[in-house]
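In the two complexes below, chain A is the common chain; its partner is chain B in one and chain C in the other.
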Partner chain A sequence: MIRLVAGLLVAAVTLALPAVLDDSALAVYILLGLAAMVTVGVSLLMGYAGQVSLGQGAFYAIGAYTAALLALGGVPPVAGLVAAPVVAAASALVIGVPLLRLRGHHLAFATLAMQLILLSLAGQLEFTGGDIGLQAIPQFSVGSFEAGSASAYAYLTWAGVALVMLVTHNVIASRPGRALRALATSETAAASSGIPVGRYKLVVFALSAAFAGLAGGIYCFYTGYVAPGSFPVLISIQYIVMAVVGGLGTIWGAVVGATAITLLVQGLNSLAALPGMPSYAPSVLSYAVYALVLIGVVLFLPHGLLPAVAGRLSRKRESLRAR
Partner chain B sequence: MSAFLTYLLNGLAVGCAIALIASGLVVIHRVTGVVNFAQGTFAVVAGLCMSSLLGMGLPHGLSEVAAVLVAALAGLLTGLAAIGRRGTTALSALIITLGVGVLAYAVEIVLWGDQPRSAPGLAGSVIVAGARIQTQHLLVIGVTAATFVLLALFFGRTYLGKALTACASNPYAARVVGIDTRLMGLLAFALGGLLGGLAGVLVTPLRPISFDTDVTLIVNGFAAAVFGALTRPVITLAGALLLGVAETMAAGYGYGSHQLEIALGLMIVVMIVQAGRRPAVTQEST
Partner chain C sequence: MLTVTGVSRSFGGVYAVRDVSLTIADGEVCGIIGPNGAGKSTLFNLITGHLAADHGQISFLGQRVDRLAPHRRARLGMSIVFQAARVFRGMTVRENVMVGLHGRTRAGFVSAALRLPRHRRDEREIAAEADTALERVGLAEWADRPADRLPIGQQRALQLARALCARPRLLLLDEPASGLRGQERERLAALVEELRAGGLTILLIEHDVAFVTRLADRVVVLDLGQVIADGPPAEVRADPLVLAAYLGQAT
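The block that comes next holds the complex of A and B.
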């Protein structure tokens, strides 16, 4: 009952926010939604399939470039937005067949390498526009309706977040979801119980890539340009930080983590923009925050923020009941 | 022919620098089981430190040694964060060292700004069999060779080195005979910092170094270390030299823009081949 009310409340606030926020706050709100979308995928991959990807930004980039190239080629934006997650997932399937034979730190480095290769290629190839990237991407539109305002993009983004969360929820609750939890603890044990380990890992990898691709697609329509510089390695690390902070393997944790980190970094950015602060303050503060939050959470809240808070609340409730 | 020899020797020098970083990774991974993502950071810290110290007028030699010691201290601090707290798993420790690397960005930008910095090394060049080689390149090769010999002596001949090796081969048995594995782990991190710092000090005169150079350094170092499955130093050295020569040849013969892809592609292929040879059970139990 409490869960239902809380869910409805969150949904109502999410829907009401675009109407009251101004444009600069909406920009933060949209980027927050996009980050949450990718983080849900990272959380699914790390928490349920037990795989670390340091290259999730690559799929974000693939989604963004796909949608941008299609839109510039005259394809309707809706088709581009649908193609973004599909192409991202397809590339994850192709890349994943060799890469997912690796595990642990090997996989982490291989995915990082994949993103570096991709960025380097995107910066050199002709059709991706080189280092300058692709510009003048048309606005997102459905039929005759054109998403010109930031609030339209906010609704689009959070509809995407809702879709991603729904899909993830259904995956986790299904039989394959239980299989995933089993293979995260021990692949050997899972394989002995008849779980097709390789295939399931690949599907989750592709699913998380699709989430990142969808976010990338929306991103390119919102900003109107994509360039290799928009997808640095740090962006992939940022998704890991968000997933770890929120709590791996929890859907809401990913959203909480993305919200907490985005708001924290935004707050510090406005602090750094105050007069008298040195010019390097914004980047220094955001690096420091990512690092300290990541180290602190891994050391002291290994299950993440949301499970820690929820656990404390339920313990308090129990102790009240015991009295 | 002389161009080929120049590329070869330059490549060996680049490979030696990679080997130093990779050997730091191997030392830390052998003893603690942790892959240290901040390994490239040590080199960057040492390089930037050295450029500052030289800029302040300190003589050569002193500045280099001081910078390497600072890197060793950075290694020790990283170790404290990564394995200082009991019950930290290897993968958590990897994520922590990732955090340390990002934290170092913040510190480095505050102290040194975000522009690349360089430092003077050994000037001049010598002619070897008709090929012109910068003296600094020869210095890199010489120092690396000496370092590997010293490392071999340290691990094979001294009590401390043998204790470290004991932790690497069986941590439980090492504890039983009274070796403090946590202390040894911290020592390994400090040694890793030292090796990384050495690489940084040697490389900075060759190519300018900035706060985010560490990604290239660590990726190359890791690529070399996977040749030796992150445990065997000699194969790591061979891998690093191969990588350095391959990259320099690629750059020399006109594929310079694809240098990074070659290194990374090679690394992924080696890892996949290795993973195919080991059954999943042995990988999970470690």
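The block that comes next holds the complex of A and C.
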């Protein structure tokens, strides 16, 4: 009951916000939604299936470039937005075959390297526009309706978040989801229960890449511009920080983490933009904050924000009932 | 049921298992015993596919399986209860057992993501069957608890329920009695006897000789990676080679 009320409340606020926010606040709201979409995938991959990726930004970029290239080539934006997660997932399947033979730190570094390689390729190649990137990407449109306003993109983004959360929720509480959670504990025992471990790792990698690709597709239409500089390695780290802070292995935790970190970074950015601050202040501050927040959460709230708060609430409720 | 022919495996030039041959007949309970380092675990892993053999063949139900991945052997009907606690963390007891039905069910990512009616029906059947298995091993009242909080004896019972859910043709038990106290051990032995009475073929790898001789129809003794005796428990216990290599150690 409490869950249902909380869910409805969150949905109502999510739907009401685009109407009341101004354009600069809406920009934050949209970027927050996009980050949440990617982070749900990271939480699925790391929290449930036990695989690490320090390269989710690469799939975000692949989604963005795919949608941008198709739109610039005259393909209807809807088709581009559908293609973005599909191409991201397909890339993950191809890259994942050699990569997912690695585990733990090795996998983390390999995915990080993948993103670096991809970024330098995008910066060199002709058809991706080199370092300048792709510009003048048309607005997103469905038939004759064109998403001209920021609030339209906000609705599109949060519809995407809802879709990604629903898919993740359904997968987790099912046969394939149990298989993923099983192989996170022991690949040996999972295989002995008849689970094709390699194939499942590949599919969950592709699924999390699809979420990132979808976010990337929306991003390119919203900003109208993509370049290698839009997808620094820092954003991949940011997704992991968001997932860990919110609580790995919880779907809502990913959204909570994305919200907390986005708001924190926004606050710091306005702090760093104060007169008298050096020009490198924003990047130094955000790196420092990621590090501090991550260490703090791991030390004091090892299961993340959401499980910690939920646990405290349910304990309080129990003690009230006991009285 | 299972035929192992001339199987060897070495680690860094040292044979852990050397030229081992054995057969397990339909409906038989076969025990493999041997002192520490005799190669029991290696042989177990070779049979289940978690290690690849250097030489030799393994056939299961008349089919060569020595090149098959572990999950393929599992789907042919090999189920394992591991010695080390291999219950899946972050899942309830029931969910753990439901994993055992993986090989017998089909619903994939797409039908799960879309919650197709077929998937819902599958899920209900899987949960019902898992509950039956939990009932059988005496864990029904724990079904909704987190699996990793169970005591070790119940974790092993949980693994047994998971293995049985796969409807195995051959059940492999790796040191099932280790770490169990008197009463837990007794309950486990009773369960194995019940399964044997039901006609299930069982391979029991065990350190505890008394446990094996009580349950097994036939005992294979390994020492230094080789089979030194193979026969009914009473006969094997009297074998001078076995006494020297294994039982003799204890005295």
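Structure notes:
Going forward, the second predicted complex is superposed on the first by the 322 of 323 C-alpha atoms of A that agree within 3 Å, B and C clash if a C-alpha of one lies under 4 Å from a C-alpha of the other, contacts with A are read in each partner's own complex, and residues count from 1 in each chain.
Convention: contacts are C-beta pairs under 8 Å (C-beta built on N, C-alpha and C of every residue); 3 or more make two chains touch, one makes a residue touch a chain.
Nothing here was measured: the structure is a model prediction, and the numbers come from that model.
With both structures placed on the common chain, the touch criterion links A:Val203 to chain C but leaves chain B unconnected. Contacts of A:Ala179 after superposition: chain C is touched, whereas chain B is not reached. Of the two partner chains placed by superposition, chain B and chain C are both touched by A:Thr188.
Touched residues of chain A, counted separately for chain B and chain C, are more numerous for B. Contacts of A:Leu268 after superposition on the shared chain: neither chain B nor chain C is touched.
In the superposition on chain A, contact of A:Leu102 is made with chain B only, not with chain C. In the superposition on chain A, contact of A:Leu93 is made with neither chain B nor chain C.
Legend: residue contacts after superposition of the two complexes on their common chain; A:Asn170 is shown touching chain C, with no touch to chain B.
In the superposition on chain A, contact of A:Ala27 is made with neither chain B nor chain C.
Touch criterion met: A:Leu294 reaches chain B, while chain C stays clear of it. Residues 186, 188, 191 of chain A lie at the contact with chain B in one complex and at the contact with chain C in the other. By the touch criterion given at the top, residues 35, 81, 85, 88, 90-92, 94-96, 98-103, 105-106, 109-110, 113-114, 215, 219, 222, 226, 257-258, 260-261, 264-265, 267-268, 271-272, 275-276, 280-281, 283-284 of chain B touch chain A in their complex. Contacts from chain A toward chain B in the complex involve residues 52, 54, 98-99, 101-106, 108-110, 112-114, 116-117, 120-121, 124, 186-188, 191, 233-234, 237, 240, 244, 280, 283-285, 287-288, 290-292, 294-295, 298-299, 302.
Every residue of chain C that touches chain A in the complex is listed here, in rising order: 48-50, 69-71, 74-75, 78-80, 82, 86-91, 95-96, 98-105, 107-109, 112-115, 119, 122-123, 126, 162, 166.
Residues 167, 170-171, 174-179, 181-182, 184-186, 188-197, 203, 207, 249 of chain A touch chain C in their complex.
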